[in-house]
Structure formats: structure tokens, C-alpha cells
Amino acid sequence: MLFNLSLIALIAPLFTGVLAGFIGKKIGKIFTNGVTILGVLISLIISIYILILILGNPELVFNQNAYTWLSIGSYKLSIGLLIDNLTVSMMIVVNFVSLMVHIYTIGYMHKDPGYHRFFCYISLFTFAMLSLVMSNNFLQLFFGWEAVGVMSYLLIGFWYTKESAIKANFKAFIINRIGDMFLILGIALLFSIFGTLDYEHIFNNTESITSNTVKLSSSFEISSLTLACLLLFGGAMGKSAQMPLHVWLPDSMEGPTPISALIHAATMVTAGVFMLARMSPLFELSTTALSFVLIIGSITAISTGLLGLVQYDIKRVIAYSTLSQLGYMVVAAGVSAYSASLFHLMTHAFFKALLFLAAGSVIVALHHEQDIRKMGGLKSKLPITYITSLIGSLALIGFPGFSGFFSKDALIEAVSHSSVYASEFAYYCVLIGVLITSLYTFRLFFLVFHGQLKDENIKVKEPQLSILIPLILLAIPSMLIGWPTIGPLVFNDFFANSIMQPSSNDIFGYEFTDSYHFLTHSLSGPVVYIAIFGIFVSYFLYILKTDIPEKLSTAFNPFYKLLINKYYFDYLYENVFARLFNNLGNSLWSKGDIKIIDNFIVNGTAYRVGRLSSRVRELQSGYIYHYALMMVLGLALFLAWVVFKSSGLVL
Amino acid sequence: MNNELTLITPELIIASAICLLILVNSFLTTEKRYTGLIIGSITMATCALISLIFLIETTNSSIFNNHYKIDHFSTGLKFTTYLIALFIFIGTKTNKENTKSELVLLEIFAILGVSILASSNNLLTLYLGLETLTLSMYGLVASKRSSEIATESAMKFFILGAIASAIFLYGVSFVYGLHGTLFFEELNNATINNTIEMQLALAFIICGIAFKLGAVPFHSWVPDTYQGASTSSALFISTIPKLGAFALIYRLLYEAFIANAEFWSLLILLLGLLSLILGNVIAIAQDNLRRILGYSAVGHIGFILIGLSIGSIDGAIAALAYLVIYILMTAAAFMSIEVISTEKRAVVTLADIKDLNSTHPWISLIMLFSMFSMVGIPPFIGFYAKWIILSELINSDMLSIALIGIIVSVIAAFYYLRIVWYMYFEKNELPIMKGSPNIFQKTSISLVGLSILLLGIYPSPIINFCRSIFSPFLLID
Amino acid sequence: MIIDQLIWIPILTGLVVLILGEKRTNLSYLLSLLISSAIFFLSVYMYLLFDNTLASYQFELKVPWIDRFNINYHLGIDGISLPLIMLTTFLSPIVIYTAKTSLKNKMHQYIASFLILEGMMIGVFSSLDAFLFYVFWEAMLIPMFLIIGIWGGKNRIYATVKFFLYTFLGSVFMLVAIIYLYMKTGSYMISDFYEVSLSLNQQILIFLGFLFAFAVKIPMWPVHTWLPDAHVEAPTGGSVILAAILLKMGGYGFLRFSLPITPDASLFMAPIMITLSLIAIIYIGLVALAQTDMKKLIAYSSISHMGFVTLGSFVFFIQSGSMDLNTINLAISGAMIQMISHGLISAALFLSIGVMYDRLHTRNIEEYGGIVTKMPKFSVLMVFFALSNAALPGTSGFVGELTVILATFKVNIYIALLSALTLIIGAAYTLWMIKRVIFGAVTNEKINSQPDMKLIEAIPLSLIAFLILLIGVWPKPLTDTMNETILSLSYLVGG
Amino acid sequence: MLTLQSYLSLAAIIFSIGIIGIVINRKNIIIVMMCTELLLISVNFNFIAFSYFNQDIAGQIFVFFILTVAAAEAAIGLAILVALYRNKKSIDVHELRTLRN
């Protein structure tokens, strides 16, 4: 029963998406958005229903194969569903945000000619994301993993006539593919050890392979587990845009705003974090891998946050913020605080989706203007957007009481108590990150909503209802969700059946009683104050003394340049690597294929035979005496040969 | 005595036909077309039938005081010759341009020569057969009297042929001197045959044979003659005399001097390799269709010689199979050229067959069969020719020769493909005039063309037939 | 008997079409379409009758052919030939179907060539006699030579002659190897070849003989240069058949001949074969990146993808320790799946390019851009095929590559790493093409006046898309068909 | 006393003269044809010598046949020559190269 329900939850968005794609245009917009929203709604309702059932009866958690995908010899690869607390909570997050985005899109895209296509895409995306989180094996994980990548590819390039958009989606796909390559290698490694790709089998037998090693060279061996974890994390780095594979995410903002909210903030990019949590039984056995995760996460958290400080595109700022927050989640996973990581994932999904959608609302209101230097003073014009943005921003910086506060604080708590290698480094990174977060968040906030209206001529008014409703609906969890959920999710054993992590005491060094106590406990730490300090600083810089940022950027010009050029990563990728491979391909083609193989060996042989032929044909001179001479020479040759032969000189 | 004459019925019939033709020629004006054709065809058909009967009855005896031998090989070869000649007559002599009776006369003469060659059991008979064949070939080449190139090529052919037969005879004289006899059975004497004198004599004889076959370096006449002679004569020259030359080789090398096989096989191999390589390589640079076929003939002869150089009966079977198959293919090619040539527009160079497919799809298809067959692509019969030779080579541990052979065939493929590409791929501004081949021509060319395909699909008959020629008993197994 | 019909009915129909001549082209078209579709259903029927629990040959037919050399007209199928035959019968009607839209002159000859080719291709896949195999193998060159030469592009003659000579040169060496084996066994039966015992040196020679033929056909680096030329110049149907089926014959040859007949030599040569496969995957992938001609790009992509076939066929030889049958099984299955999948995908891509070519008469990527604005329906399919080409999970392209990578990883991590690079390179060249052709602003005025894909063009593409998706989502039926055969092959190779 | 050797040497010399005559003659076809007759004569010499020394009649009979054939051959050769002259108005060896390569 439950299995079939879950299957319906999975298939519904697929079905409705396909329906919208194929016949939506013929029937009409109402049909398209109606049917897709229905699909996601069904999925959401089922998810919630399953959650309730599971909470009531933990026995209902199940892991069942739907069908055998492939069977070769003794190997069997299956497609199946694993429904446990982790899955269900991810399903709810995905479906909820997806639903909000669906509703939001009705208003946001109503003039776009690709309306139906868009709904088809986001529905299909929802399906892909669900199949990723509901999977009970690595294969299906990879299916979903790539499928969300493709939908993201299509959605980033949604406005396909825009050169920048199709450049961005190409880039996104390729960089994701780099991560995917590592992921599939990691999967292959696990397969080569276990001979199966089922989570259950692999996670139950991890102990047996702790001493397995992989020989990388004659003298260097590495623990298989560590290698597997590193490779899997490579996949996560691509999808969750960790340094140095982060470059695609800011560019992906070329897509329509709803998908920035759905894919590039709330769901797809968190797939990496989800996977880390899912793979916790593996990662927990390899401290090396954990440290690596930790380091990458902290670097991402701090460095990408810095970049957000110098951006002027409203969506890009939020995108960099997303990068930074993803860094936080990865850091949490690095210190084994998977539950904190997932908690942050969840709250982040709400408030970041909110922020993006709010940004979208601003963009719509300003007739698709995205440069924050041209904004300002929108507070009074867009009150609802303003308030919801404020909620989102406060949640993002971790203002006490907001959802982000709980998740981020728990996370930092865990980092501070961790003893994993590099945890100290990570701690300082995340602390500085808090300041930076609050700086860029409120820089954006102040520049957009406060100050002076730049262009009085544009008629600015609050967008239509379908845009505002999701904002409000998302604002509520962004503000409140932390209170009831932190306890069970982070400190109690809600995830016990799906994640393997040390007890909450070991992780946080803190005995949790209730959310209020947690809040007061946090107030004794530095995090909250740093965040609030950040608000003041940005108020000072962007409202009071607006010329200081300019001065600062000239004063620290090299640093500023570094930031504005995004640490030259794009330059490196595009002008060094991409060009290198392009040139390599070109020269292999023109030198290797055309010049050496084709012109020299293949056609060269033909040419030489031809030349030989035209030389040899001269033998046939046409003169009888030459012909006769040839015959006589032939005869003479024979005779000479006979004579020599009999005298033993030849053969 | 009576019995002996029965045994040479085919030869007698041919001889009578010759007399008849001469008589007819004297009394009838040349306007009376087709007399030559009719007489020739009937003669060939009858002879083929009689030979077939002999073949089935496995007649085997020596006649005329052992000068003449009617055995399986000779009847088989004769049967083949007559059959092919029949097709050639019907295919070419029905064309208005080739109705001159003396053409048929000369050709029948040549066939008589081949018959004598095939049956000879004595160096003298052999010589007579050879000269009958050669002399009529000279006439045949020169038959287009008003043509400058025809007479030129005939002249060249004649002089070179004279030299070659002199060289051959010179060798024969030594053989005679050393052995004191002209009968093949008595020549098979290992002690004498291994002397240097005998080897020198053999070298002379092989030169003569090589000329007849057109092997490098005795090939010079081939391309010139193919180009110079009229198409029908070229067709004849490229087919029937080759059978005669094969008989020559078989009778001399395989019967008379088999004891020296080790010696002559090397010479034959050398000739074969030279022909194979040079013939095919030079053909690549040719533009004249008939010259291409000429050089291609040299190349094919190379293959046949390589097969013969194995020195075993299996090798000879393979070589004969190759030869018969080659004759089929080359007949198809020449017939196609003949058919598409019109009085106004002779088909000479590759450019003349541009886009043939659009105007003559059927003829170009047959030409395509023939060309791919010559390349050695299955399912055409030419593939089996190459394959049998390769099999025998590999079987006798001559792998390196086999490799040379196949590499050269790949090179050779180029010029055959070129013919196909001119017919099919090139676009022609001046469409080829639609010739009007008559029904006989069409039928015979279709038969030959289809036989290339059908025998390719089921090659057992031709393989078994060639084997049966060498030994009647092989048919049974 | 049923295989017999599969082979000869198309060939005879081809001859009938030739005889019907140019005037009755429409009749011929309908007739051939009917017959080739019937052949497809016949092969489906055969598939249904096929017992996939048996490793042995099925539907066997053995008639003496050339007694003298113990050659039989011996047909039969097993698990590795059946999918390839199905692929052939599936694509042939499609190719004939598309003739109408993409061809102007001598259509009857074109159709006839394809029908004859179809019969011969099925013959190749079902011959159990090496001689018969060779006959079909070589005979196929003729129709293909004509197809490229008559209906090809500007440089068609060069391309087709190159194609012919290249493949011909390759296959003659195979002939020598086959004859050599006949000398050893006294039979041309392939299964007799399996049992002959040969020394390592003999095996290596035989292996090399086969290698020449198969390497050219697949094609492997460095004997691949005929393929881009042939593809670029060939008409759409020619490219489809060339990429989808002719290339597979090389892979099929490895599985049918090289591996089971000369396992020791395969073991000996495996490092070279693997290196060449990796070169194909990476080097050729990079070369594909540099292409400006769509067909050339897909041609290079084909070479790169076929690298996986050879990799799968040989990678298990370098396992450390004893040969693990499971790995062999996995790798070979991967190679087979990759062949089928590539057959479908490359066919689809070439057909798609054909659809565009029919409209704009250029294959130059730079002259395209923004196709999607004018041809959205077509673009959906094109993007789908491109993604399949980039091995997107859920499409057949992924299944083969995944399986090969899984097997490879079991053998050697570095080889797996290098082969997995295709995920990046493959995506890069395919999607870069998509970016420049399908997406972007319309730069070429001509594009603006183009209608979207017509239904008549959509049907074949959709059919292929459906199959690609089906195999991608549920490859089990495919692997079930092959399992037993590959298992017994694994025993021959590893046992 | 003339030995077989002497006859054979003479024949060889005549043969060589014939060959050389053909090869180095750059002028006239008639001379070439005469040289071919020389070749045949040398062969006849051989046969007769062998016949005599072997005490076997066959060789001499062979010579008769050779002579006959040579006559026929000469007839044909001259006929061709006449035809050639009619077409070319020349019997110069140098000019006989329309067909080449």
C-alpha cells in the first residue's frame, strides 16, 4: 500500500509534466498549470501522509525494489524505493518548494511564450528530484542525479535565444558532468567491492571492507572506503557547487527566477548534501574523507560569500549566498553533524526559495531589471515583497528566532565541538562566514528596498497574487519552522533509521531540552552578535556613508579585483582548460588525423602508388625494340639465374 | 583408325567449318551478314556438345601414334573453349560491325589451335597448335585493316610473337637434343631434367609460355593489342588464347617436366609476382578502358601464374578455375563495351562511360558485376577465383606470397572502382547515345553477366568442373 | 528457415525493385516499405520464438554449399546476433522510409541498394560458417559503395573509394586468417574454430588478421579516418546504416571470432587493444570537439563511442589474478549494449541532421543557430538524442557506458578513470553542437522560413526515441536475450 | 671434324644476331622481320644438328614444320606490314608508337 502510494507520489509529477508538455499548448494555460500543480500537490499530500504514518509507526519504513533494471550474470541492478525519515522529509521539502514555485510561475511567466514548456520542465524536475531522494540504490540515485542536471540544463537555457543563457547552461552541464564522473567512479568502486548497488546491502556490510585497499601505484595504497567517499564527494562537489566546481551556479542565474529558487537554491544543489547524509554509513568510517569534506565546505562557505559582496546582480548575490550556505551544509556533514546539515538544508530551502522568489517579484515589478544599482527605495512600493524579503534575509543571517538561526547555530555548534582534522580552521571560516553573510544579505536588502528610487518614471507596483501567495507561504516556515523542528530533527533520533551519526551529545556537546533553551544558549555564543554586527555595518556602509564601499574597493584594489573576477576561476576554466582542450582537439585533428594519418599514411600511400604507376607506365614506351629488349632482358635474367643457381651463388 | 577419327570429331567439324567458311566467303558478298556467325555458332555448339559427351563418357586414349591425346583434360578444356566461343560469337558477331566472315574464320582457326594444343602429346603437335593459334591471332588483331592503331598493334604483336615463338622453339630444340625425343611421356626424366642445359632450355620455353600468357616482362603486347584491336577481337584475344596457353603450360610443365617442378615453379612464381605487381600498378594510371583491361589481364595472369607456381595439381586446378572465371569476367566487360559502342561514338576512355547508369542501367550493372568480380568481392565469382588461389597458397605454406597477392588486389581494386565510379558517380553533360544492342547481344551479355553473379552465389559447379578436368574421379568424391 | 527469409526476402525485393525501374518508383517505394516492415515484424516474431535460456544457436539451418571445401550455408542466431539483427530490421524500413524526403534521383536504385544491404547485414549477423560470413561481410561493401558514391555529397567519390579500399584492405587479412583456420580444422564452421588448439604465435597471427578487418570496421584509432569522410559525404540513409549497423559488425566480429578463437592472443594483445580503445575514447572525443561539420562531429563521436565496445571486449583480460567470469560477462554485455544503443542513437542523430540538411542544405554548424525557434518539435527530439549521445541515464546510451565502466573499474581504476572521461568529453562535444545549432539566436536568414518537422519526418525519429528510452529505462529484456550466450562466451574466453 | 658443339655455337650466334638485330634496329620493320627469320633459322640449325647427332628423324621433320610455319608467318607479317603502310605511309619503327604507356 505504502509502496504504491509512494510510487504515485513519484510518478504524479512525471505524468503531469509529460501531459503538460505534449498537450498543454493545445488545451490552454489553465490546463497546464492546473494539471502540473495537481501533480505536485498529490505528491506533497502523499508525502505528508507518509510522514504522519511513519511518525506514528516507525515500522512502516520500507525498502522495496520496483523492478529489475538490468541483470547480467550474477549481477542484478534494480530500481526501487527506500522510504524512511530522510526520504520523507526531503520529499516534503522538494514538493513544498516545488508547489510554491509552480504557483509562483503562473504569475511570473504568464506572458512568456514558453509557458507550457516551463511547467513541463519543472514538473519533470520535481519527478527527477523525487526519484533521486526516494532511491534505494546508487544507480537510481545517479539517474535522478543526472536527470535533475538535465532539467537544470534545460531550464537555465530556457531563454535559448540569449547567448549568455545557453553559454551558462552548457557550462553548468559540463561542470556537473565532471562531478558526475567522480560519482560514477565512486559507484563503480562500490560495485567492484560489493557486486551490488543497493544501499541496504552496502551499508550493512561496510565493516567488512574497512581494511580493503585500492592500489593506486606500486607503492601507494589507499583505503577503498576513503577513495569511495572521496569519489562520491566529488559528485557532490559538482552538484552542490563546492569549490572549485562552483562556477556554474552563479551563471545559472540566467534561467528564469522560479527555477533559481527551486533548483539552484532549494533542491537540486542540495542533492550533494542529501547524498552525504545518505552515505553517512560510509563517510563515518573514513576520517580522511570527512576532513576533506570539511575543508572543501569551509573554503566554499567563506570564499563564495566574499564574492557575494561585490556583485550587483540581484540574483547573483543570492546565488553566491547559496554557494556559501551550501558550504555550511557540507561543513556540517564534514563534522558528522548530518542532521544539522539536513536541517540547514531544509530551512535554507525555505528561506532561500523565499529570497529568490522575492527577488523575482522585484524583477517583475521593475520590468526585468536585475541590477541592484538601479534599484532602491522599493520598500513602500512593494510592501509584501519587502516584508517577506526581510524575513528571508533575517533567516539567512541567522537572526535569533528565525529558522536559519536554529539551523546555522546548531551547525556552528557542531563544528566548534568537532575534533576532526581541520575542524578549527572550519570553525573560524564559518564564524567569519556569518559576518560576511550578514554583510551581503543586508547590502542587498538595503540597496534594493531602502534609499532612493532610481527611476521615477517606471510604474512600480506589487505583482499579481500568484506571485505573492508563495512568498507569504514560504515566509511562514522561514520564520517559524525552526522552533518545532530543531529538537526532533537535530537532537533527537528522527533520522536514526536513515543516517549513521554519533549521538547528538558527541556532536554538539550540548544537552538539548527545548528550542527556547537552545536560543538562550546560543545567545551566550558569538554567532548571533556577529550577525547583528554585520547588519549594522551594512546599514552604515549602504545607507549612511554610501561612498565608503567605493573607497574601500579602490583602497584594496587587488583584493577587489580578485573578487570581481571571482578568483579567476572562470578565467582559468574558460581560457585555460577549455581553450587547452579545444586547441588539443583541433591540433589532434589537423595534425594527427588529417596530416599524419590521412595525408601521409592513407592518401600518401595512394599518392605514392599513383606516382609509381605513372613512372612505371613509361616502361611501355611504344617502341618495338624496347619491348623486345624487355623480353630479352627477361630471358637473360632467367638464364643468368639458372647459371648462378647451378654454380651455387643464389638459392 | 576409324575410332581415332571419331575421337577428334570436334576438330574435324571445326576444320570442315573452316573450309565451308572459306567457300562461303568466296561465293557470297559481304552483305550477307551473319553467315559467319551462324556457321561459327553451330560449329561451336556441336563441338561443345560432342566434347560434353566425351567428358561424360570420360573418354581417354592416345591417338595418331601417341601424338594426340584425348583425355579428360583436353576434352574438358575444349568443352570450355567451345562454350565460351559460342557465347562470344553470339555476343559480338551479331553486331553489325563485326559481321565480316573472316573474323569468325580466324577465330575458329584459333579455336582449332587451342584444341590441338589441349590434345597435344608431343612437342611437335604442341608447336603446331600453338602456331595455329598465334597466326590466327595476328590476323585477328589486324582485321580492322583501315585502322592505324589496329595495324600498329598487330605489327607489334606479330614481331614480338615471332620472337617469342623463336625463343620457345630454341628451348624446344634443346629439349629435343637432350632427350632425343619429342614425346611428353619420355621427357619426364629426372636425371636429364636436372642438368643445367635442361634448365636453360626450360627457361627458354617458359619465356615463350610467358609471352603467350602476357606475363611481365613479356607482356608488352597485351595492352597495345587490347587497345588496338577491335572490341570483339580484343574480347576474343583476351579469352580463348589464354585457355590455349594454359593447356600449353599444363602439357609442358605439369606433364612433361613435372619432375623439374621445383625449378620451374620458381620461375613461374617470379613471373607471377612481377605480373601481379606491375600489371596492377600500371593499370592505375590508365585512362583508356581497354588498356585498363589489358593491364588488368596482366595482373590476373600474375595471379594465375602464382597459382601454377604451387606446382601441385591443386594449384593447377585453382589456376584453371581462376582462368575460367577471369574469362567470364573479362568477357562480360568487353561485351559491355561492345554493346554501348555505337558507330558514331566509340567507347574508348573512361570519360566515355560517364554516367552510363542513367542511360544503360542494365549494361552498367553487368559491368559493375564484372568489375567487382575482378576486384574479388563476393558474391561475385571473381572472389572465389582469388580465394581458391589463396587457399592453395596458404595450404602450401606460401603465406607471404598470399599476403603480397591480397595487398596488390587491394591496390588493384582502385582502378576497377574507377570504372564503376565513372559509370555511376560522375555526371555527364553529354548523355551517352542509346545504342541499340540486338536481342542476341543482350541475351548473351545478360547470361555472362548473370553467370558472374549466380555462379558466385553457388560456385560449386565451376569448382567441381575445374577439378573434374584434371581428374574424372574427383567428381565422385 | 526464418533467418533465411530475413536474408533473402529483402534481397529479392531489391532485385524486383531494380527490375521495376525508375518509372515505377512509387510502386517500388511502397513495396519495399511494406516488405521491409514485414521483415521487421518477422524478426520480432523470431525474437518471440527465441529461447533466451539457451546458449546454443537457434533457428539453425545447414545446407552444403561448396562441398569441396566443406563449406555450408549455415545460418543460426544466438543471443549476440539477435539484437543486432533486430536493430538491422528496425532501421532498414526507417531508412527506406526517409528516402522519399531526402532523395531526388534514381530512388529505385537507392531503395534497392538498401534492401540488398539489409539482407546482407542480416546474413553477416547470422552466418555460422566463416566463409559465408565473409561473403556477406564483403558483399555489403558494394551497395554501400554505391550509396555513398551515387547519392553522396560533393566529395563523395573520394569518400566512397576511401571507404571501400580501407575496409577491403582490412577484410582481406581476415580472409587469410579464415583460410588459415580452415587449413587447421578442415572446416569453415565457426564453432569448429573454437575448438582448434593453436600455439600462441599462430593465435596472434590469426588475431591480427581478424583485427585488421574489425578494427577498420569499428573503426579503431588509427584506422578510423575513412569514417568521417564517408559519413560526411553519404546520404542520410547511408550514414544511418553505416553508423548504426556497419560499425557494429566490427564489434560483433570481435565477439564472434577474435575472443573465442584466439583467447590467448586476445590476452596477449589486450593491453594494446585497451590503449587503442582509450585513445578512441579520449583522442577522438577531443577531435570531435574541433569539428565544424555536424556529420563529422557525430562520426567522430561514433568512433569514440565504439571505443567502449572494444574496451568492453578486451578490458577483462588484464585482470590481476584469475579471470573472473562475472567481470567478463559484465564487460562483454556492456560492449553489446553499447553497440545496440549506439546503433539507435547514431541513427537518430544522423536522421536528425538529415532533417536539417533537407531544409538548409548545409551541415556546417556555423550556419545554424536557433533552430528551436522555428522547429521546436524537432528540437525536442534532437536534444533528446544529443543527451542520449552524452549517455544520459534513462537513455540507452547510459546503460552501455555504465556497464563497461563498472566492469573496467573492477579491472583497473585508471582505465576506468580515463574511460569515464567520456562523460565529460561526450557531453562537451554533443552539447556544444546543440548549443550552436539548436539554441541561440537565429543568425541564418534561411532558418526563419523553415517549417517545423512534418509528421512524416517525426515518425521514424519518434520510434527510435521510444526505443532509446525503453532500453534506457529497462534494459533487462535486452540483457536477458544475451545473457546465456555471453555467459558461454565468457567460459570460452576465461575458462 | 665438326662437333655438335660447333653447330650449337653457330646456332647460338645466329640467334644472338637475330635478337640483337631486333633490339638495336631503329629503322625499318622489314629488317626486324628478317631478324625473326634468323631466329627461326638458328632453331632449325639446332634441330638438324640434334637430329643428326641423336640419330633421330623427328628433329628434321620438326624443321619442315618450322619452315612451313615460318613461311606462313612471313606471309602474315608482310600482309600486316602492307596494311600498316597503307595507314601510316611509313614503316619506320620509330613511328610505331601511337600505342604506348
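Read from first to last, the chains carry the letters A, B, C and D; within each, the first residue is number 1.
The rule is simple: a contact is a pair of C-beta atoms (placed from the backbone, for glycine too) under 8 Å apart; a residue touches a chain by one contact, two chains touch by 3 or more.
The shown structure was predicted, so the numbers you read here are calculated from the model rather than taken from an experiment.
Chemist: Does B-C or A-D have the larger number of C-beta pairs in contact?
Modeler: Top pair by contacting C-beta pairs is B-C.
Chemist: Using CA atom means as chain centres, which chain is nearest the centre of all the protein shown?
Modeler: C
Chemist: Just curious, how far off is chain D from chain C if you go by their C-alpha centres, in Å?
Modeler: Going by mean C-alpha positions, chain C sits 65 Å from chain D.
Chemist: Distance from the CA centroid of chain B to that of chain C, rounded to the nearest Å?
Modeler: 43
Chemist: Using CA atom averages as chain centres, what separation in Å is found between chain A and chain D?
Modeler: Roughly 96 Å separates the two chain centres.
Chemist: Report the inter-centroid distance (CA atoms only) between chain B and chain D in whole Å.
Modeler: Centres of chain B and chain D (C-alpha means) sit 26 Å apart.
Chemist: Spell out, as numbers or ranges, the residues of chain A touching 2 or more other chains.
Modeler: Counting only residues that touch two or more other chains, chain A contributes 606, 617, 620, 622, 624, 628.
Chemist: Tell me, which residues of chain B touch at least two other chains?
Modeler: Within chain B, the residues that touch at least two other chains are 155-156, 159, 163, 167, 223-224, 285-286, 414.
Chemist: Can you tell me which residues of chain C touch two or more of the remaining chains?
Modeler: Within chain C, residues 165 contact more than one other chain.
Chemist: Mind giving me all the chain pairs that touch?
Modeler: Pairs flagged as touching, ordered by label: A-B, A-C, A-D, B-C, B-D.
Chemist: Show me the residue ranges of chain A that touch chain C in the complex, using the header's touch definition.
Modeler: Going by the criterion above, the answer is residues 67-75, 139, 142-143, 145-147, 150, 153-154, 157, 160-161, 163, 166-167, 169-170, 173-174, 177-178, 180-181, 184-185, 187-189, 191-192, 195, 214, 216, 581-582, 584-586, 588-590, 592-593, 597-598, 601-602, 606.
Chemist: Any idea which chain B residues touch chain A in the complex?
Modeler: 155-156, 159-160, 163-164, 167, 196, 199-200, 203-204, 206-207, 210-211, 216-218, 220-221, 223-224, 266-267, 278, 281-286, 411, 414
Chemist: Considering only the defined contacts, which chain A positions touch chain B in the complex?
Modeler: Those residues of chain A that touch chain B are 606, 609-610, 612-614, 616-617, 619-620, 622, 624, 626-628, 630-631, 633-635, 638-639, 641-643, 645-646, 651.
Chemist: Going by the contact rule set out above, which residues of chain C touch chain A in the complex?
Modeler: Answer in residue numbers: 162, 165-166, 222, 225-226, 228, 283, 286-291, 325-326, 329-330, 333, 370, 372-373, 383, 387, 390, 392-394, 398-399, 402-403, 405-406, 408-410, 413, 416-417, 420-421, 423-424, 427-428, 431-432, 435, 438-442, 474-476, 479-480, 483, 486-487, 490.
Chemist: Using the touch definition from the top, list the residues of chain B that touch chain D in their complex.
Modeler: Within the complex, chain B touches chain D at residues 123-124, 127-128, 131, 135, 138-139, 142, 145-149, 151-156, 158-159, 162-163, 166-167, 169-170, 172-174, 176-177, 180-182, 223-224, 227-228, 285-286.
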